[in-house]
Amino acid sequence: MNNSFWHRAQNINPKILYVIAMVVIAVPLLNPRTTLPISPNSQTKKAFDAVESAVKANPNQLVILDCQWSASTRGENQFQTEAIMEHLMRLHAKFALMGFVPQSRILSQKIADRLAPKYGYRYGIDYINWGFKPAFEQTLKGMAVDIPGTLKEDATHKPLVSFPIMRDVKNFKDVSLIVEVTPSSTLDSWLGLVQGINHTPVVYAPTAVMAPEGYPFLDSGQISGIITGVAGAGDYEALLKTKGSATQVATSLSAVYALIIFLIIIGNVGYYASRAAERKGFAE
Amino acid sequence: MEYLRHLMLPSLLFAAAGTVAILSLVFKENRFYRFFEHVFIGLATGYGVALTWTDVLRPNWWDPMYGEGRWWWAFVVPLGMMFYGVYSTKFSWQSRLIFGVLFGLAAGTVFQILSSQYIPQIRSSFKPLLTNSQPDIAHGLIDMPHAINNWIFMAVLISVLTYFFFAFEQKSKIVQKTATSGRYLLMISLGAVFGATIMTREALLIDRVRFLLFDWLQLNRFMH
Amino acid sequence: MQHPINHNFFTAIPQHGAVYWLYVFATVAAGIGVLALLQIIPTRYRKATIALFTFLGGLYYVAEFFLPTEKGTSVNALTEYQPFVGTLSQVIGAFTVGLGVISLVGMHTRSVVRQRAQWGYSACLIVAFLVMTVFHLLDSYYGDHVIIGQGGILRAAITNHDVYNFLFKGGLNSLESAMFALIGFFIISASYRAFRIRSFEASLLMISALVVMLGQVTLGTWLTGGLPTDGPYANFRFENMAQYILLNINTPAQRAVAFGIALGTLATSLRLWLSLERGFYFDQES
Amino acid sequence: MQHASDNWATAIFVAIVSLIIVLKVVMAQRGIVPTIRRIAGLNAIDEAVGRATEMGRPVLMVPGIWPISIPTLQAMNIFGHIAKSVATYGNHTIMPVCDASVVGIGEEVLRDAYTSAGRPELFSSDDVRFLSDQQFAFASGVAGIIEREKPAASFLMGAFFAESLILAETGQRAGAIQVAATPQTTQLPFFIAACDYVLLGDEFYAASAYLSRNPTLLGSIVGQDYAKVVFIIAIVIGTVCATVLGAQGIDVKHMGDLHSPWRTFIDFFVK
């Protein structure tokens, strides 16, 4: 009886699971045509709409895309940054990249370099990279009063005032939207020091483990939407109606999730069925 | 040829071989893994030791002592020597002495940490139980009165705290029941943590698979 | 460290002459002398001595916290020494690095010397350790120094920094990411094995994990996508259920656990600080 | 809150809670020894160590990945008791550590525990193994030790982070009986998924008292219980105040310069 199908279903060798997992991950990556039905989460939809409406309401104002991530969380944050940047470029929004971890300057610039030619974006005119700034909270406090005065130079150490894009930017009143891509607890400072004072809309793009930190603020309206991890990035691309790497990775991810859920179900059904069989007395 | 050259780029090859070796552990511990495990530990420890010099000792001790001539910083050397008393029965008590100072330092910050990290959490647990007017705690459920959520919040908080009574529990049936439900609620909470962590972990695995398939093997060259 | 007179005994000696080294060696020698004097303390008083020093170690932070601040400022008389105490404890702690190296390298050297089974791996470990230590240090001092010049198959010269980069990015960094990624596999087998309806507790764990998982991916959104986004039925969309569990159950439950742990930490700290801790090592007569 | 004078009420609250704990410790030392409830995982220790000895396999103890800190020292205290049991059975311990400073303490704890079991000769300097102070290098080393030396009992106690599941899954695969405890709540679900017994939250700090039945430690546990009661009372009173204020349409989080007797208690606690 111990060789019954149900008994085996609850004792699958983990090595087999790992092989299946690898296949499940690799196939969507290798074959971009594999798709699962993408049905964007309502939190992502809110984020997408917030970006759309903020840019359309104030087309001449600046969007700040704050990238707080480094290589260790690029598996999630890179795709969020990419999807949002693509959206901004498509809307012809002017935007500024910035970050408070040293690596982010290079990582976010790489994405901008890849996307810019497609939309004819020119550095210094359509977008700018403010680079890495130390002392997160002090910088935010300073920016609330005077952005060019606090930041002084861009990532290439040229004075900010020399760029056309910065001509009309003084403080957060000239900023239409803040997008925070982050793997750590940085949201509080943005809300306390910036959003709370100027009511600039904030879109939050955290790694999946950090997402719950944003829920209370989504509810109270302090943030306008949450893009949760790489799945959120995939949703975002679906809303953009493009299929980039985020969609691929999100498909891989959904496939792994489906696998895990399937395994949990099969394990439980097996467990239940073999227990039922034993109870009926034809176990041995 | 160009492709072969790419595959054999030393840094990339090292990274790719290491990645495959480490990931192979899920199937079975093998020589390939063992080799990279030892290399990994060697590299990491070497990195840590060098970092102790470049990031701690050089800027905070050597530069002031040697660079700026503050000779009295040399008093740290005998203090540091005390740790090595562990290796002798005669001097081992001196290692306990210096470790004791470190224990004291670790323990001494507790009042400040308690006041600045945990007491504010007591305050933010004060939630109105009757009114609907304050969106004090976000709800997630639409059209559900905040007051009910606040009741739930309180109930969960207190019953889980009750589970962690160690000396009182045996004494009262009510306490026992509350504690049991506290344990159940804790399980719901821990399940949620598990579920919320999966995406971050899988995203990392997918990132490594992408590294092997695209950055190293460049399979995207062959697919269209 | 301020003193009314500019030149006093503790004035820095910037020149590295004989006087400087004399002072340095004298300081070390005096310190060693103090250590030797400590040995005079009779065994029965040693425990009390350790307790005294443990208490003094903790006293600074406790006093700094409880001492009232000067009016209108956020500092008291002790606050200005905080960086010094922090640096000092960091520097002293850094001296333990040798304990680690002796343990790791000692064990693997013994294994190589005695040619124990698998000693080859130990040799690899020692080589990797030495190479990394040397090139990390060389990189921080002479990063641009060329080791192998351009020519032959080399398109560019190799500097210390290049070797360090090879070890750090090619080796350490990617091995680290790979090890981290292993969890992606293990989490699959763990959830398959653990999430069974074996008991009420296990079922709760499973159900809430499933709901939160489904709330995060498109699969879950798709399953309940037919429900409206507003109104009471929206509550049954997976993303909203997940959010509800995380906020209204997870937050207070975690907070209760945090309170318990905070009190446990407080009690343990108090016992250590006041030498009330009991257990092997902690209350041994020395 | 940086200093007590930022909010004296909070500082006094903290001081009172501390005094309660110390008082209960002193009372217990004077002979008022309490009893505490069962903690499931801890009863399994002897059985696990005994089984490991029968199978001729070592016992693994991992004191977390933090340097000298309260969780690490607490783990060491618990490991002292386990090590005594290991020595009584004549088995041996492997203790991989992730910080150089912990090496010295680990060696002394094992030596003391073995000596008190009357088997000081069982100690070997290869027992406490420093692997690396880098999180994942350490994890790879422990995974290697588990796979090669196949410990039959594994105790993971102290501060753990993402590596928790790597250690617990490899241990599970090696067939070890595993007991885990950590103050990092985010890692508890992974331990629950892969270990046989898990001490939840605070149980970690109660473990040394439970194992040793030492009056001082038991007194401390009772003190912590009383402190929890104080916390609960504070939360209840604060909630009543918040409810009254809420009924007046005032949000506790944004009270500004409001004058109301009902806010007095709330203001005892620093924001």
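In this document, chain identifiers A, B, C and D correspond to the written order of the chains, with residue numbering beginning at 1 in each.
Note that in this section contacts are C-beta pairs under 8 Å (C-beta built on N, C-alpha and C of every residue); 3 or more make two chains touch, one makes a residue touch a chain.
Small disclaimer: the values here were computed from a predicted structure and weren't measured.
Asks: Could you give the fewest steps needed to travel from chain C to chain D through chains in contact?
Replies: Minimal hop count between chain C and chain D: 1.
Asks: Return the chain pair with more inter-chain C-beta contacts, choosing between A-C and B-D.
Replies: B-D
Asks: Report the chain closest to the protein's overall CA mean, measuring from each chain's own CA mean.
Replies: B
Asks: With centres defined by CA atoms only, which chain is the most remote from chain C?
Replies: Comparing chain centres, A lies farthest from chain C.
Asks: Quick one: report the Å distance separating chain A from chain C, using the average Cα coordinate of each chain.
Replies: Measuring from centre to centre gives 28 Å for this pair.
Asks: Give, as an integer number of Å, the spacing between the C-alpha centres of chain D and chain B.
Replies: 15
Asks: When the C-alpha atoms of chain B and chain C are each averaged to a single point, how far apart are the two points in Å?
Replies: 9
Asks: Distance between chain A and chain B based on Cα centroids, please, to the nearest Å.
Replies: Result: the chain centres lie 22 Å from each other.
Asks: Which parts of chain C, given as residue numbers and ranges, touch two or more other chains?
Replies: Touching at least two other chains: 65-66, 93, 96-101, 104, 172-173, 175-177, 179-180, 182-187, 189, 191, 193, 195, 205-206, 209-210, 213, 216-217, 240, 243, 246-247, 250-251, 254, 257-260, 265-266, 268-270, 272, 281.
Asks: Indicate the residues of chain A shared as contacts by at least two other chains.
Replies: Only 14, 18, 208-209, 211-212, 215-216, 228-229, 231, 253, 256-257, 260 qualify.
Asks: Could you list which residues of chain D touch at least two other chains?
Replies: 2, 4, 11, 18, 68, 70, 73, 101, 104-105, 108, 130-134, 136-137, 140, 162, 185-186, 189-190, 192-193, 200-202, 206, 221, 224, 228, 231
Asks: What are the touching chain pairs in this one?
Replies: A-B, A-C, B-C, B-D, C-D
Asks: Provide the residue numbers of chain A that touch chain B in the complex, in ascending order.
Replies: 14-15, 18, 22, 25-26, 29-32, 73-76, 207-209, 211-212, 215-220, 228-231, 249, 252-253, 256-257, 260
Asks: Applying the document's contact rule, which stretches of chain D touch chain B when the two form their complex?
Replies: Listed in rising order, the residues are 1-2, 4, 7, 10-11, 13-15, 18, 34-37, 68-70, 73, 101, 104-105, 107-108, 130-134, 136-138, 140-141, 143-144, 147-148, 162, 170, 185-186, 188-190, 192-193, 200-203, 206, 221-222, 224-225, 228, 231-232, 234-235, 238-239, 241-243, 245-247, 249, 251-253, 266, 269-271.
Asks: Can you tell me which positions in chain B touch chain D when the two form their complex?
Replies: For chain B paired with chain D, touching residues are 22, 25, 29, 33-34, 37, 40-41, 43-45, 47-48, 83, 86, 92, 95-96, 99, 102-103, 106-107, 110-112, 114-116, 119-120, 122-131, 133-134, 136, 154, 157-158, 161-170, 183, 186, 190-191, 193-194, 197, 201.
Asks: What part of chain C is in contact with chain A in the complex they form?
Replies: 173, 177, 180, 184-185, 187-189, 191-193, 195-198, 206, 210, 213-214, 216-219, 221-222, 225, 229, 237, 239-240, 243, 246-247, 250-251
Asks: Mind listing the chain A positions that touch chain C in their complex?
Replies: The contact residues of chain A facing chain C are 10, 12, 14, 17-18, 21, 36-43, 71-72, 208, 211-212, 215-216, 228-229, 231, 234-235, 238, 250, 253-254, 256-261, 263-264, 267-268, 271-272.
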